[in-house]
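Heads up, the next two complexes both have subunit A, just with different partners, subunit B and then subunit C.
What follows is the complex of A and B.
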């Protein structure tokens, strides 16, 4: 599961959950891949993300110190070097084993072999 | 003076509430949809079952290398695989991050011409032009989809992954491949 996926996942589909976002992320194992950097695509992705959730994801892989605490005002004003850090976080980090946890109900969704299983609690919906 | 202060406080409170509401829209929006389903990417096993299902569904007619639509295409993995197998493949997905990623991935994998990704609600997508549809649904979604899928023409194919369609007169079950969460049901439109 690439880290950008965490950015839009919520447990809103569960019973009695109001927002269910962002999910808490526990990373037990991840791999770092080398997907080619593309400036334009990185900006397109960053335009769409919720920055607060990205900070949560970065912290889960011990890389929150690599990105600013405050969301940059204009992504296209960042240098390639700065954007590469975000590209690395969003695209190159693949969570293989871990958990996504609903912030409201504490329901645990396992991540196995890189696939987050959100259907585990389908019966609770 | 007290009245003015009260109005200012009320105004500030109202503006703050509005700002908070606006900020919450991306997270609360799914709750306003008719069906709220979680994103679960297809496993390697599921993709293999989709491949087998496609070859079964299209072996008896000329649909091979025809038009295919993936309803709720996620990160594009099913669309890309179908394109590699000769289908002119379209993915429909509501999540703009996933649409952006799918487009990027299709170009990176040299499949930009064989694939198309649209940010669109599956219930507002015209299914009539397609010869094959693929849906990785949730149980709650499948019943709602039956009337929508009736837009597809006679003799077209449907691959329902993870959950089957409820019994209906429009679609005839032809094959089931795999079991459990990796299962694929192959239907033919009557």
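What follows is the complex of A and C.
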């Protein structure tokens, strides 16, 4: 699971969850891929990103010092160099093994072989 | 004959049907690939995304990622959701799909995304799986409604969701559309090539904001006549409820009332061909 996906995921579909965002992320193993950098696509993606959740994701892979603490004012004013850092974080980091945890119900969703499993195996009582 | 063929959704739940062998078969069948590709392209066209802008789309029931590939080719980004893990594993190994990502989830359990995540959603031959109960505690009606509600939540305002599916009968169509409308979507069916049994394709186009005209359906005879046959492939089920209601005082109304009172254990008159008739003026 790439880190940008984490930014959009929520456990609101569970019963009794009101916000369910951002999900806590536990990373046990990740690989770095090499996906082509595209300035426009990166900006489109960054426009949709919730910055607070991105910081959570960056912290989970110990890379929070690579991105600024505050959200940059305008994405399209950033240089390619700065955007590449975000691109790397969002697209290239692929979580192979780990867990997503609902912040409210503490339900654990395992990530195996890079695919997060959101099926509620023992839920729905 | 198409009608003699067993539909896969009748044989069992999707996560069991699309096991390793079936998933591999599916991915390598060039006929399926070509059709899926064509339908995904049409679905993307029906989404009517702003030209020249890259969007972020949801691919529901992405399977091995054939439709996702179409999304990428059109310059958009995507996240795919499917209930079959073997299918997703094949999709993840595909290098063409590297820039997207996949999530293992059952549609009926809801879409696991925060509000306003996507610019649109497409789904190719997936929604009909939701119309069948695979366990005693599964209620297709509830699952459909919950699916549509959670989908409505994670789409941006003014965006669309397009579902291609093969409806079995009108009841199934009505069920799916009814639940979609209940969840707040506007929209209806677009039927391409309604006259051709094999080429006929049904798309459910759902919109999140305002009443917008449905896109035109494709028909057999090229561009020219397409403008002439205006309503050929359109069908709205806006007021299916209204049609169901019987007029007060009519024979059907009297019979319904009689049945209701029998149920309540009241003493009622027997059924008669005379009930509801007008008396002759001479009487």
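The rule is short, and it goes like this: the second predicted complex is superposed on the first by the 120 of 125 C-alpha atoms of A that agree within 3 Å, B and C clash if a C-alpha of one lies under 4 Å from a C-alpha of the other, contacts with A are read in each partner's own complex, and residues count from 1 in each chain.
The definition used in the following text is that a residue touches a chain if its C-beta (ideal position, glycine included) is under 8 Å from a C-beta of that chain, and two chains touch if they have at least 3 such contacts.
This structure is a prediction, so every number in the text was calculated from the model and none was measured.
Student: Once both complexes are superposed via subunit A, do subunit B and subunit C end up clashing or fitting?
Tutor: Subunit B/subunit C on subunit A - steric clash.
Student: Which partner chains sit in contact with A:33 here, subunit B, subunit C, both or neither? Use first/second/both/neither.
Tutor: second
Student: Quick one: classify A:86 as touching subunit B (first), subunit C (second), both or neither.
Tutor: Touch partners of A:86: none, neither subunit B nor subunit C.
Student: Kindly classify A:9 by the partners it touches after superposition: subunit B alone (first), subunit C alone (second), both, or neither?
Tutor: both
Student: Between subunit B (first) and subunit C (second), which, if any, makes contact with A:75: first, second, both or neither?
Tutor: Neither partner.
Student: After lining up the shared chain so the two structures overlap, which partner does A:45 touch, if you call subunit B first and subunit C second: first, second, both or neither?
Tutor: The answer is both, since A:45 touches subunit B and subunit C.
Student: Quick check on the superposed pair: does A:118 touch subunit B, subunit C, both, or neither? Answer first, second, both or neither.
Tutor: Touch status of A:118: both partners.
Student: Do subunit B and subunit C land on any of the same subunit A residues, and which?
Tutor: Touching subunit B and subunit C on subunit A: residues 1, 4-5, 8-13, 21, 35-36, 41, 44-45, 48, 50, 113, 115-119.
Student: Could you list, by residue number, the parts of subunit B that touch subunit A in their complex?
Tutor: 24, 26-28, 30-31, 36-41, 43, 75, 95-98, 100-101, 104, 108, 138-140, 162, 181
Student: Mind listing the subunit A positions that touch subunit B in their complex?
Tutor: 1, 4-5, 7-13, 18-21, 35-36, 38, 41, 44-45, 48-50, 113, 115-119, 122, 125
Student: Under the touch definition given earlier, write down the residues of subunit A that touch subunit C in their complex.
Tutor: It is residues 1-2, 4-5, 8-13, 21, 33, 35-36, 40-41, 44-45, 48, 50, 91, 113-120, 124 of subunit A that touch subunit C.
Student: Spell out the part of subunit C that touches subunit A in their complex, as residue ranges.
Tutor: Spelled out, the residues of subunit C in touch with subunit A are 53-56, 77, 79, 83, 85, 88-89, 92, 98-99, 101-106, 109-115, 117-118, 137, 146, 150, 153-154.
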